Amino acid sequence: MLAERHPALKLVFATAHEQRGQELQVGGRKLKFIATDDARLEDAELVFSALPHGASAQWVARCRAAGAMVVDLSADLRPGGAEVGLPTPPIPYGLTELMRAEVKGAGVVANPGCYPTAILLALAPLLSRGLIEADSTISVTAASGVTGAGYTLRPELLFAEVAEDFRAYAVDNNHRHLDEMTAVIRDLGAENDLVFTPHLLPVARGILATIIVRLCDAPRDPLAIWTEAYAGEPFIEVRPETPSIRDVVRRNVVRISAAVAENVRHPTLIITSAIDNLMKGAAGQAVQNANVMLGLDETLGLPA
Amino acid sequence: MLAERHPALKLVFATAHEQRGQELQVGGRKLKFIATDDARLEDAELVFSALPHGASAQWVARCRAAGAMVVDLSADLRPGGAEVGLPTPPIPYGLTELMRAEVKGAGVVANPGCYPTAILLALAPLLSRGLIEADSTISVTAASGVTGAGYTLRPELLFAEVAEDFRAYAVDNNHRHLDEMTAVIRDLGAENDLVFTPHLLPVARGILATIIVRLCDAPRDPLAIWTEAYAGEPFIEVRPETPSIRDVVRRNVVRISAAVAENVRHPTLIITSAIDNLMKGAAGQAVQNANVMLGLDETLGLPA
Amino acid sequence: MLAERHPALKLVFATAHEQRGQELQVGGRKLKFIATDDARLEDAELVFSALPHGASAQWVARCRAAGAMVVDLSADLRPGGAEVGLPTPPIPYGLTELMRAEVKGAGVVANPGCYPTAILLALAPLLSRGLIEADSTISVTAASGVTGAGYTLRPELLFAEVAEDFRAYAVDNNHRHLDEMTAVIRDLGAENDLVFTPHLLPVARGILATIIVRLCDAPRDPLAIWTEAYAGEPFIEVRPETPSIRDVVRRNVVRISAAVAENVRHPTLIITSAIDNLMKGAAGQAVQNANVMLGLDETLGLPA
Amino acid sequence: MLAERHPALKLVFATAHEQRGQELQVGGRKLKFIATDDARLEDAELVFSALPHGASAQWVARCRAAGAMVVDLSADLRPGGAEVGLPTPPIPYGLTELMRAEVKGAGVVANPGCYPTAILLALAPLLSRGLIEADSTISVTAASGVTGAGYTLRPELLFAEVAEDFRAYAVDNNHRHLDEMTAVIRDLGAENDLVFTPHLLPVARGILATIIVRLCDAPRDPLAIWTEAYAGEPFIEVRPETPSIRDVVRRNVVRISAAVAENVRHPTLIITSAIDNLMKGAAGQAVQNANVMLGLDETLGLPA
């Protein structure tokens, strides 16, 4: 657990509905999982929340009333999420690199989904500069290790099903992360169609996204788009060589590469972006947001 | 070996430069690998040829002079291949389902590459009916098991490198199969850009291609495009559910599915296509072509 | 399904409590899974039975009363099994190679477990000739792919748990197959301790057993023990090179090798034995027994 | 690299014959791999040496002459190794937990092999207390991930060979680690036969050893043998539950469990022992020895 090794955070309680009562070893100390109803919120300065779909809004309000900040890992509070008409001011979307100023002053942050983290950090510099051809389709395929689906006990996650196989899912462009990505793309000023097809990989963890976009003009130095946009960012690595899952596993980084397509008439970029879905795609990103909210060094407790 | 189990084929020689002299068990008989120079071509009615890049033209001419038909598995004789100005009549491209008439009368057939087989059989019905939006980009990502690279001893094919990893390669749209695919797409009358990005999967065998195309109009029943085009084909399976590698491994089939993308303004199809790269993507396809060339039942000796 | 491809068997019904009502494609025909209570036993000449622990005796009696022969794949009727005091004559243990005569005339056969198949076929020639040192321990470790545990939905069979891992289980010498093996070893006249430790492999299928035994005398030609005992057996392969799972997967064979240990003072053999747990370790073995019971060619419908 | 993250070690040079000239990123600094002949040994306080078989003795002498201590990771200087008649005093065998006093004052330490580390730390408490039945065989099977064989480019280490497979090797009890283990067992006073059969696992890293031994008497509390012998050891974990590779990967620990065999007449223990072959089985153990030799805290720079 990241919180346990963090030099400036101390875990005061951990909730888990189904495992409540079970013991948890945290450093030298022992804790017990408790029900959310039993949490002494007034002891907490900041709460990491990962409730099931639809349950976040009420719990976040309870945390806020008790004076705790919240990093919410559910989809409820994200752009395009279930909860419309939430407390003003609006809840910032915790892609820290894009929203650092908003995260800094926030009481609640909506932590992004794993696929959107890999894809939006790759797309943002193109979108914010208006480089993508108007009306062209942004084509994204991505592949995730099995932990992207959580540790749920589903037949299609058995070893005998996953090993030596590879398949696409949500092939009708209707993955639950689509609205989240579309909302951010629209915020960044683009009206392009986004087509996103995820795949299930026979690996434990890691996401690789491959993005094909047409540009208005062919860039002379495609990597410069990202090296300039992300100069000084501790958790973004821009590289000429194509990233692989192995490069980012157990690290709170996104690694991005891009190449101009040959053999085509319209200027086209092929961008690859890799993250560890459990780190930069979930818990690592949450700690990064917590660090910013608490005014700590943003890299504290995070393996880069 | 497929030829060995084929009820109407009998192996008369097998060549292998580096393993020549080694024994080979074929059914009850023993054969020795020989050098191509030692092959008694006059004993053969048909030769399966898989020579290294650039070596096919001369060898094929030798086979033809000795009266043998040839299924050539190299890239040399394919559309867009190394060998320009070959013997007239032109050598048919052995995507049997698209070229059956030409294969039937041919003395030489150029067996397709593995990626093109999965991708072109999926694209052909759209292209031949002119359904794809003019000037739009055909975006293809595909993932292959390690045997797609042959059994060569390269560091990036070691278990310690491949397991728990996933990466793209040839990311500049310059894979050696690109010209082959572009040539066939042009033959089918389309001028669209083709962007193709292959990936290496931690599985032994199998290819899954995911294709995103814009159409002129949204089809009411997308699957009907393929079920009509391929009615009666013994080795093409069109299914509503997304194919996975497991569905096609050890079988000489391509399995194709397609769905209309939701959440977009331009009519868009997402097509998935799976083959076993060693069967329909190589040896199985070669036997299928041989069956047609020899006037045999096309399905003879092939696991469907 | 093996029965479906068998040239002399025709499936007349298939029972499955939880999937009853679901359709089943068998060759060109369609069947529906039915409850055991609805099975028209009088239509069947032979029944393959794989009921949960404890349920076999009653069902087998019902089948017999209706005139059907039974190959029972449960542990109930095996030596050391749950059902004591079953109908006379005693039910033969269907390790076909050791019990062919008894299987031939039987109305019911108890199909062996997967581990016992690999281990007992390797041990039998040593035991029946009295070669093992009296009072020495027979040390067996074995490793099985995940399908050895059935397709049950258990957390420890998830890809995220099994991949990149390896563990022993039943480490107190109390695996449910132990009594079955001990009973056969006693039948073959040996009183040695048997210590058996199974392991879970990150592969889909296959079992490899590694057996360490002390012998009374060092054999000059260890392999001859098995080649002589199993001369002419179609499903037993004795080889100088160590077998691996890959050698036997999808085939109804056991592959056995043995070597005399160097660097020891007591004559010692190290024997390795590999099977496909779903073929020779379960369904293949069952069909082999059915072939013998029905007076058919023993190899019919079985991939060797 | 462990040395790079070690708070009290600073890398002054790195040698690599084949990669010499290549750059190496160490923390913020850049180093180049150099040939051993170009190493400025007078700059080094301690040298980690991992030369090919047979090359260590001369190099170690050169290091010593220049005043550097050496942790040697080759097999040459280990008990039973190639180099007999080395400089007096004898070189201690760096199983730190068993040889701490000898390692402390040593100028050279022979770092143990990976299999011996897992097996000898499990056997030592039994051997030193004389608990194993005289004249009985110590039966050991072990399985290792592919990195146990080094990153060498051998066909049997290709993904297409290793995945979905499992095999034994050195099945004649002649593995190159056997002499090393036998020598230590003899040093601990036992004359028992040791039979050791290693296996290749389809995982990247990790070793699990399963050991079957007969004891003079059945222990009441088998785990107490190890908890007492290793009380206070920071890198030895004794647990009632069977260890798996996942428990120890990326950590410098050995995890040991043991159970009394049921269903046997002779008191018998089944012991399981797991390490990460690259950590406690190689580099981690080397740093642990270096810490002791340099008078540092033994746990410095090591993930437990």
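A, B, C and D are the chain letters, set down in written order, and residue numbers restart from 1 in every chain.
Note that in this section a residue touches a chain if its C-beta (ideal position, glycine included) is under 8 Å from a C-beta of that chain, and two chains touch if they have at least 3 such contacts.
Remember, predicted model here, so these are calculated numbers, not experimental data.
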**OP:** Select the chain at the greatest separation from chain A, using centres from the mean of Cα atoms.
**Re:** C
Original post:
Is the contact between copies chain C and chain D built from the same residues on both sides or from different ones, judged by whether over half of the numbers are shared?
Top reply: same
Subject >> Distance from chain D to chain A - Cα centre to Cα centre, in angstrom >> reply: 40
Original post:
So how far apart, in whole Å, are chain A and chain C when each is placed at the average of its C-alpha atoms?
Top reply: 48
Original post:
Can you list the residues of chain B that touch 2 or more other chains?
Top reply: 163-164, 202-204
Subject >> chain A-facing residues of chain C, complex >> reply: 146-147, 151, 153-155, 157-164, 202-204
Original post:
Across the complex, what residues on chain D touch chain C?
Top reply: 135-137, 139, 141, 143, 163-169, 171-174, 178, 182, 193-195, 197, 199, 201-204, 206, 208, 210, 212, 214, 242-246, 249, 257, 259-266, 268, 270, 272
